[in-house]
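My structure is below; once you've seen it, I'll send some questions.
Chain naming follows the written order as A, B and C, and within any one chain the residues start at number 1.
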Amino acid sequence: MNDLIYILDLAGTLVFAISGASTAAEKKFDLFGATVIAFVTAVGGGTLRDMMIGSTPVGWMKDINYLIVIAVAVLLTSFFRKKILKLRRTLFLFDAIGLGLFTVLGLQKTLALGLSPVVAIIMGTVSAVFGGVTRDIITNEVPLIFRKEIYATACILGGTVFWLLQYSIGTNYWNLSIAILLIIVIRILAVVKKWSLPTIS
Amino acid sequence: MNDLIYILDLAGTLVFAISGASTAAEKKFDLFGATVIAFVTAVGGGTLRDMMIGSTPVGWMKDINYLIVIAVAVLLTSFFRKKILKLRRTLFLFDAIGLGLFTVLGLQKTLALGLSPVVAIIMGTVSAVFGGVTRDIITNEVPLIFRKEIYATACILGGTVFWLLQYSIGTNYWNLSIAILLIIVIRILAVVKKWSLPTIS
Amino acid sequence: MNDLIYILDLAGTLVFAISGASTAAEKKFDLFGATVIAFVTAVGGGTLRDMMIGSTPVGWMKDINYLIVIAVAVLLTSFFRKKILKLRRTLFLFDAIGLGLFTVLGLQKTLALGLSPVVAIIMGTVSAVFGGVTRDIITNEVPLIFRKEIYATACILGGTVFWLLQYSIGTNYWNLSIAILLIIVIRILAVVKKWSLPTIS
């Protein structure tokens, strides 16, 4: 189980780093800027989560593989830049996958510290969205989280389902996979079907 | 005493959450966006304070009542939106009350950790203003803290008075109430009388 | 050795605080705004580093001298404002010196916690650049770190040289001085010679 979580965490880091590096490439940042944005997108959410729950030094500092994965993502994006940018949908897909992975992993880590399920769902969502929010602010985009389509709401729904499954039948591969897929599917459908939430007014 | 502090902390959370939700309503954010902004406005300052002084997991995570109060604030704002927005002064008043409450409570918490009074006054001010600064940045307003009127300066003055009272006569209900009222009154007078600080030039 | 590090840390705080206060003076912020910006520029990087590596309460809280140095910087800037602003190169020089000092000191502190050299170089760079990034965001400048010239790259190069020296010949005054000077010189040459990095495209 822990092996699977570790691999999924590296996978989430990879897809978010590619999403960050591609945004930087699109905006013509230099190589250093692209690396910074890939790094911030990939580790920003987990870093804020770890600082808030008091799990320091924060996660990526304790295992060099996270930094290696980010470097690989920047190199991949440099080499296949044209292909990646042509497939803007791919970019969006990477973001959706990262969203699913990081929500569930962040939720899991917060629960493991003994904090309440509602807090865990919030921290899962923070883990998943904060890197992307920072990427959008740095590159001067309107943060995805505040666009009309459903974004963080997908994390909250998927996180809630994950916790309900885990609470009723215990932690296992199926819960994890179902919740991650659910978030990815909601996010994709939200964009394809143009789902949105009502405004407060 | 601790009961009073707890109730004041929940009251500060409520008024800041209403202030955040109302700003979101004014800017036509969707329900999720409004909840995020209410949440960030209410807990942003305390979260940054707790991360800086090393009191983690941060405060609101350990007691579900903070999240409940924020949910209530969002619901109240949804139902009474028109009335709240009509009374723009009410909004400003909520912000001033939150400012007074959070300055004194943040100062108190920092002192209790054994840090120096100057640091405690700074951290009281950070607790009080950072949530609002984040709200203003997210909703694209010029942060209140950098407008011409006296804002954080009110926190610093009130915080200093609180510490002087506490140092000379010990912690009691009166110190707490006097300092909180002082901050609210300075803030209101600053806006009504258009007080401002000299520029550095 | 520890005395030297302490003095260099206060010196870095002074130059960054002057750089922050001068930017504020140029933009006509009031005295409080100038103090906030001087403070954020001077302690922002170290604060983020300390929160991430879990060294809390963060550094400046434990020693009043940091706050005194910042107050002195604001006063100096107020009195000699015209002279400082006339010499815009001085401002740039202060920023370069702070960059060199804080990179090496942040790196050192992270290594001392037992974290890996790559992480230490990243955290040295974060210590050096985050204060300035926040200053630029607050005062609405394009962050220096994302301008075409070499900025954080100077920190990374100097930090790497520092670690190589320390790893091969142990910590001593020379390593420290060489690495700090190297960062300052790279930064100055980068601006004078208009060095830049290739873009990812």
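The working rule: a contact is a pair of C-beta atoms (placed from the backbone, for glycine too) under 8 Å apart; a residue touches a chain by one contact, two chains touch by 3 or more.
Quick caveat, the model's predicted, so the values are computed rather than measured.
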item	value
Same vs different contact residues, subunit B with subunit C, by half of numbers used	different
For subunit A placed onto subunit C, the superposition rotation in degrees, Cα atoms, nearest 5	120
Between subunit C and subunit B, distance of the C-alpha-averaged centres to the nearest whole Å	31
Sites on subunit A at which at least two other chains make contact	51, 54, 56
Contact set on subunit A toward subunit C in their complex	21, 24-25, 28-34, 36, 47, 51, 54, 56-58, 61-62, 64, 67, 74, 77-78, 81, 138
Interfacial residue positions of subunit B with respect to subunit C in the complex	51-54, 56, 113, 115-116, 118-119, 122, 145-146, 148, 152-153, 196-201
